[in-house]
C-alpha cells in the first residue's frame, strides 16, 4: 500500500466512485486468508508466480491440511516443506492429488510442470552423499519455483579432482547453491572458482565437533571467498527461494 | 583452465605453433603476483572490473603497502578495508594519491568515479545510527564497484513508521543490504516488504546478550522471511561484493 | 511475618492472650503443607486468589497427584502445567473432576469460570501457528487467573500487514504477551506500537541456528524496544503470571 | 494511524475540508525528526511525558550532540545513557545546561524535578556494592520518568538477614527492579517475598564462570519465582522504562 | 609406594629376606584386578572401607556384571550408579543378592547396614521435588558409605519460609549437600546460613535457558557464598563421596 | 535466630525482663554495619575468627576504603582480594597500617600472625608457574585464616616425576587445593593419589581453546576422581575459605 | 596431475603417440567412480594399499551398499564405519561375504588378514571401559590398514598405578592413540611419558558438563604436553588413519 | 624408570656395588631443576636433542629469566615462545647472547645452526598473510629443532590456482603443518592432495563469527580429510614439536 495507491484511493473516494465505508473496508481488507489457526499470506503468491509455501516442520498434519485446503480453495499451488513420511501419509490421505518426495521431504499439490521464469541455470552443489536430503530440498524447490536446475553431488574438498572435473558445469551457472556439512569448506572453494553469487547451506551432517551443523555454518560465515552468503542449517528451501529471486533479475 | 582451453593448447602444441616448454610454462604460469609475503590474485580484477581488495584488519601498514604497490604496478585500482586512523596515516604517508574514508575505514587508490556497471539500485538500510560505520563500508564498497547506491538510515523496527515512510525507496531497489545490530530484526521486516534478494549484515552494536553481534547474526539466520541471506558480523564489504555480482546479472 | 505482626504476637503473649508454647508453635507453623515428597506453599494462593500451580514437566503422574490431592483437601483450585497426553490420562484417571487442555498441556481442577480480577485486557500475540501451544498456555493460564484475554495469532514480522490489520486490538490491551520462535522479532515490532508493558516469550520453534529457542531469547533480550521484558523459552505460564499481577495493579 | 483516524481523514477529504494533496502529505508526514544521521522519534515523547532517550553507548560525542540539539529545538527533555566521563566532558562542553551523573553514566538536559506520574513506589534492590552503577541507572531513569523511587542496596542472598531486615520496604513497593551479578539469585528470593511484578537486571559483575553477566542472566530467566521477568545484562534503563509504564497503570 | 617403603624393600632385598625376582614382582604387582575389559582398583576400597563403585551410565549390563563379579570374588561390597530399570532387571537377574533403588538408580550388593564411620551428620537439601532422584543418589550413597544422613526436600528459594522453618536441622549438619536445578540459587542461600562446607549439586531439572543444568551449574560456581564448592550436573554420587571424606576428618 | 532463641526472648518479654519495644528492636537489629554504599556483615567474623573479606575486583579504591574503615572501627581484621597495584597504592595511602602482597593481589590490615585454628595442613598444589598468582591467593588467604599451609608448585601432569617426587608431602595434607589452567588435569591425578577432599581451582592461564579458563573448569567438573569439587575460575580465595572450614572440623 | 606428468602427456601428443581426443579424455577422466549418488575416490586406495572407507554414520543401508558394490566391482576392499546393528543386518543381508564388528561398529569386506606395512607398533590406550567402542574402532581400523596394534585399556588418570604398570608397553610404541572421555586428561599424562607422537581422541563418554565430549576435546587441545594432536570426538577412525600414515614413514 | 632398570638397581644394591642410601637417593633424584618458582624438566632435552622450551605467554620477564638462567647453567639451549617486543627487550637486556624473532615472537639462546635430525622436509603452509606470525612460529621452532623446513604462504582456498601452482612442493613434504584462520578450510584441501600426516593449526585471524579462532578450529576438527589432526588455536609451537617427532621416525 504505497503513497501512489493511497492517492488513487483518496481521489476515487472524493469523486464519489468509492464510498467512504467501502474505502475503509478496502484499506482494512488485507491480503491474507484467516483460518482457525493461521493468517495465510496470499498476496505474494498472486503477484510473483511463486507457490505459497507451508513450513511443515513443527506443525501437525491437521495444521498443514487446514492451510493447504485454504490455499487450494484460493486457487493456488501448495508446497509443504519438512514433512516426514508418517506425516506425509496422513496429509496425502486427505489430499490425494498431492505428491510426496521422500528424499527432499516435500509435499506438492499443484501444476506438475512449472513454467520456467528464471533467466539462467541454478546449480546445486553438494559435498557428500549424506548432504543429499538438503540438496534435494533446494533442487526440488528451485524447480517448482520455475528454474532450470542442475545437481552436482559428492564433490567434497578433500578430493578436489572430483570438483574440478565439473568445472564447466560450475562456471555455466547463473546462481549457485552449495550444500555442505562437517567443516563446510566447499562454498569457499566454489566461490573462488566463479564470479557469481554463491548461497551456502550448512547441513547438520557430521558428529562431535560438528555441533549439529554449527561448525559448517561458522565456516561459511567466515569464508575467505567474498561472494558467499549463508542461510540457516539445513535450509535448502530458503536457499532455493533467494536463488529464484536472483535468477529472475 | 577448462577442457576447451586445454584442447586448444594441445592442438597448438601438436601443430607446432607452441613448443612443449612454453606450453608447460603457460600451464604453470598462474595469474597471481608473488610478493615477499603474499600471492596477490590479479586474475579476477582484470576479468571483472572489480578492483582488487586488501583486507587490512590484521595486517600491518607495511603488509598493506607491499600489496598495494604490487597492484598499482600491475595497473590496478586498490581498495583496503578495515584500516583504522593510525594505520591510514601511515599508509597514506607512503601512498599520497590514496584517499581515506574514516567512517567506512576504507583506503582507496584509483579512479575517483567508477563506471556504473550494475543494472539497478542497491539500497543499504541501517537500523540505528551506531550501525553507520558498517552501513558506510557497504555503501562505499558498492559505489566503488560501479553501482548506483542509496542509503536509508536509522529505521529500526521499534519505530515502524520511520521505515514505512520510505516504502517507495525500499520497493525500487534491485538488491537490498540490511544492516542491524542488537536483535537484528530489520532484515525480516524489510524482507517481508519486497520480492528482491535481501543481504543481511549483523553488526556488533549492542551490549550484554548481544554477544558482540552473535544475537543479531542468529536472528538473521533464523529469519522468517525466506528471501534473506546472511554474511559475517560487521561484514559490509562482503555484502557489497555479493550485491554487486547480483546487480550485474 | 513482618515487624508489625511480630509486635502484635509479642503483645498478645505478654498480655496472656497467647501462651508461650502456642506462640512458638505459631511462629514455627509456616504456611505450607508437608506431603511425602513436597512442601506445598498454600500461603500465596489464600492471599491472592491465584490458584496453586504445579509444574508437571519433570514430575511423575504420582508426584503430581500427591500434590494435587493435598491442595484439593486444603480447598484450593489446582492447575498443572506441562502435562503431556500420557501423563494427563493417568492423572485424570485418578482425578476425574479435572479437565485437560491438550494444546496448552494444562490440567485444571477447580472452579470452571474464574472471577475476573484483572482491570483490563491481556492480549496474547503469536508469531506463527507453530507457536500456538505456548501461546495457548499463556492464554489459558491468564484466563484461569481471572483476566479478560484476547488472542491474536499468526502475525509474524515478515508479513507486517497481517499485524497492522489488528492495530486497534493491539492498542486496546493493558498488558501484552508476545510469543515468537525463530528470530523472535515480534516483541520489538509490537513494543514499538504500544506504550504498555510487553512480556516476550521466546519459543523453541525453529531449527538449526534457532538453537532450541536461544536465538529468539537473545533477540528479545536485545530488543531495541525498551518496553520489553523477557521470560524463559516456552514459558507461557510465567508470562501469564506476571501479566496477571500487572493487570491487577 | 488506526481505522477510526483513517475514516475521519477520508470524510474530511470527501467533504472538501482537506484537499487530496495535503491528505497524502499528512499520511506521509510521520512523527520523527530527520537529522543528518538519525530519524528521531518525537511521537512517543509528546504523548507520554517520557523524555526522549539517546543510547550513548556506541555513539560519538558528535552523534549524541546532533540528536540532543534536535530534541531541544523540538522543546523536549533529553536523557542520554551510557556516557563515560570523557564523552560527558565533550558533550557538556557544548551543552552547558546539561548535568552528568557519573555513577549512573547519565546526561540529562531538561526540567530538574520531574512531575510524579507513577501511582506507587518503584523499589530498586541491588545485590552488592559493585552492582551500584547499574542500580543507579535504573534509579535515576525511573526518577527522571516521574516516579517515586527507593533504593535498597547490598542485600545479597548469602546474608539473608540483611534482606529480611527491610521486608517492609520490599512489601510496600508497587513494582520492583532487582539488580544482581554473579549467580543472580536475588530476584528469585525477592520474587518469593512479594506479589508484585519483579523486573530482574543481570549485571556483568563477577569473573570467570560469570561469563560477563551471562550466568546471572540465565539464573534470572530460569528463576523458580514466576513473577520475575528479565532484561538484558546491565540494562538498568530498560528496567526503569518498563517499571514506569507498569507504575502508571 | 613412597621413599620409605622403597628403602625398606631395598633393605629387605639386600639382607636376603626378599630375593630379587620377588621384589621386582612386588613392585610390579599393582593393586588392581585385571578383567577382560577393565582394571578395577581394589586398593582404595581395602584401605578406606568405602565400597568400590561402578559408574553404570554408559556401560552395558554385561560390563557391569563383569566388574561386579570380580569385586565380589575379591570379597568387596559393590555399588553401581546410574542404572536404569531395564539394565537393573538384567543385572539383578544374574546377581540375585543385589538390591535396586529405582529413585536413586543404584544397585547395591553387600552389607545391608553400613558401619557408621562419619563423625557428624550429612544433610542433603533439595530445591524441588523434581530434583529428588539426584538428592536420593547423594543420600543413599552417603548412607552406604557409613554416614548418618538427613534429607530436607522441596525448600526452593522462592518460598524462603519453607527453608527457614528447618533452620535447626540445617545448622546441626557437619557437611551439607545442596541439590538444585533451574537457577541453582539454593546453595548460595544455605551457604549464607551455615559455617560448614556446602557441596552444591546442579541438576538438569528445568527447560529452555536451563540448558540441561548448565545455568544451575554456572549459578553455583559464581555463588556469592564463599563456602560453596560444586560438582558436575546430576552428580549426587560425587557429592556424597567428598562429603564422606570430609565427615571422616 | 532459631526456635530456641525465640522462645527465650518470648519468655523474657512475658516475664517483664524485656519490654516489647526493645524485644522488637532486638529482633530487627540485625548484625551488619550500614555504610553509605554497603551493608557489611560483621556477624560471621565475630563468631568464627575468620577476618571479614572485601572482594576488591569491581570496586573503586573509595568503596574499598569505606568498607575497610567501618570494619576497623568495629575492631576487626580486614582482608581485601583482587587489588591491582594502582588500587593498592591508593588504598595503602589512606590505610598506612595495611600490607600488600602483589603476587596474590591481597591487602591485609590486622594481626600479622594469625592463630592456628586448623587441625592439619592445607596443601596448595599448582600446575605451572603461570598459575602462581592464583595459588598465592589461596595460600595467603588460608594462612591469614589460621591454617598451616604448604605450597607445591610447577608439577603439571605432563611431567609426572615432578609430582611423584613429592608424594609424601601430598599424602600428609588434610585438605588439598589444586590449581591448574590449560586442560586442568592436575586435580584428577592428585585426587587419585589421596583419600582427602581435593578442591580444584581452574585458572585463566592458557590461550585459544582454553577459553579463559572454561576448559580447565570443565575438565575439573568432569574429573574421573570423585573426591574433587570445584570453585570458580581463578577463585583462590573461595578454595581457601572452604579448605579452612574443612580443616577446622 | 603434476607438471612432470603434464609435460609427458604433451610430448606424447606431440609425437603422435597419443591423439588429441584421447589426451583430452585422459585429462578429463579423473580417478573416481560415478554411482547414482556418489563419486567414489578409487585413486588413493590403489596407490596406498589403504582400503577405501565409507562413513556409514548418516547414510542409509542402500547408500552404503551402492558404494560398497561399486568398490567391490573395482576389486577393492571395503571398510564401513559407524554402522549400528540394524543397519549392519541389512547390509550383510546383501553382502554376505562381509563381517561385522559390533563393538567397533565396523563392516569389513575384503582380505581377512592385512599385510603389515607399518614399521612399528601402534598402541591404543583407553581411559575407561565406556570408551571401549571408540578405542576398538581405532584398534580395528589400524589393524585393517596393516599395522601391528596393541590395546591398553581402563587406565584412567585417577589411578596412575594402573597406567604406570604398563610403562614398558607405552614406551615401546612408535605411535600412540589415546582415547578418553570426561576430562580427557589421559593424553597429557601419556604424552609426558613418551617422545613419540600422541594422537588424542576425545569421546562422548560422560554427562552434564562433559557436554557430549566437548570438555574432553577442549582438555586435549589445551594439553600441557606438546606432543599431542587431536581429532574429532569419537573419531577413532581418523586417529587410526593418521597413525597408519605416520607408522609407514 | 622401567622394570628392567629397577631390577638392575636392585641387583647392584644386593651385590654391594651400590649402597642403600645412594640407591634411595638415585630413585628420588628426579631429572628436574628446582628454582624458586619452577621445576624445570631437564630430562627430555638431554635425551632428545630438543632444546628446552619456556612458554613465555603468561610469565613475567623475571620468571622467564629465572628459568633461562637455570637452563643455561645446565648447559642447555633455551627457546622462549610468545614473547612480545617489550618483554623481549627486558629479557635480552639481561641475556645479551640471545636473539629475538619479532614476527615469530621467539627468543633463542643457544647454537645458532641446529644439527639436522629430521629425515625429510617439514612444509609449513599458510592461508593468508595475516596468519604469518603463527606460521613463522611453527617454521622457526621446527628449524631450531633440527629439521629442513619450507614455507608456502598466502595460498587460501578461495584462489585454488595459487595452491595448485606449488603442488610439487606440497607432495615432496614428509610432514605438513597447515596454518589457517577464518573458516580454516585449507587443511582439508591440502589433506586431500597428500598421503602424509597433516597437522592443522587454527589461527585467531578473522572477526565476528570467527570467534577468535574457534570457527577455524571446529572446521579443522570436522575436516572431511581423515589425515588431519589439530592443535590449539595459534599453537605453531605445538605443531612444530609433533612434526619434529614424526620427522625423526
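Residue numbering begins at 1 within each chain, and the chains themselves are lettered A, B, C, D, E, F, G and H in the order written.
The rule is short, and it goes like this: a residue touches a chain if its C-beta (ideal position, glycine included) is under 8 Å from a C-beta of that chain, and two chains touch if they have at least 3 such contacts.
Since we're looking at a predicted model, the values are computed, not measured.
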Least hop count linking chain C to chain F through chains in contact: 1
Chains touching both chain A and chain F, listed by label: C, D, G, H
Maximum centroid distance from chain A, chain identifier (CA atoms): F
Centre-to-centre distance between chain H and chain A (centres being mean Cα positions), rounded to whole Å: 49
Length of the line joining the C-alpha centres of chain C and chain G, rounded to whole Å: 53
Distance from chain H to chain G - Cα centre to Cα centre, in angstrom: 25
Residues within chain B bordering two or more other chains: 3, 28, 128, 159, 206, 208-210, 214, 217, 221-222, 232
Pairwise chain contacts under the document criterion: A-B, A-C, A-D, A-G, A-H, B-C, B-D, B-G, B-H, C-D, C-E, C-F, D-E, D-F, E-F, E-G, E-H, F-G, F-H, G-H
Residue ranges of chain A touching chain D (in the complex, touch as defined): 3, 6-7, 10-11, 13-14, 20, 23-24, 27-28
Residue ranges of chain B in contact with chain D within the complex: 128-130, 132, 153-155, 159, 161-162, 164-165, 205-210
Residues of chain E that touch chain G when the two form their complex: 1, 28, 30-32, 37-41, 43, 55, 57-59, 63, 67, 82, 202, 204, 212-214, 217, 232-235
Contact footprint of chain E on chain F as seen in their complex: 1-4, 44, 47-48, 53, 119-120, 167-168, 171, 174, 195-197, 199, 217, 221-222, 226-232, 237-239, 241-242, 245-246, 249
Residues of chain E defined as touching chain D within the complex: 127-128, 156-160, 182-185, 188-189, 191-193, 206, 208-211, 214-216, 218-226
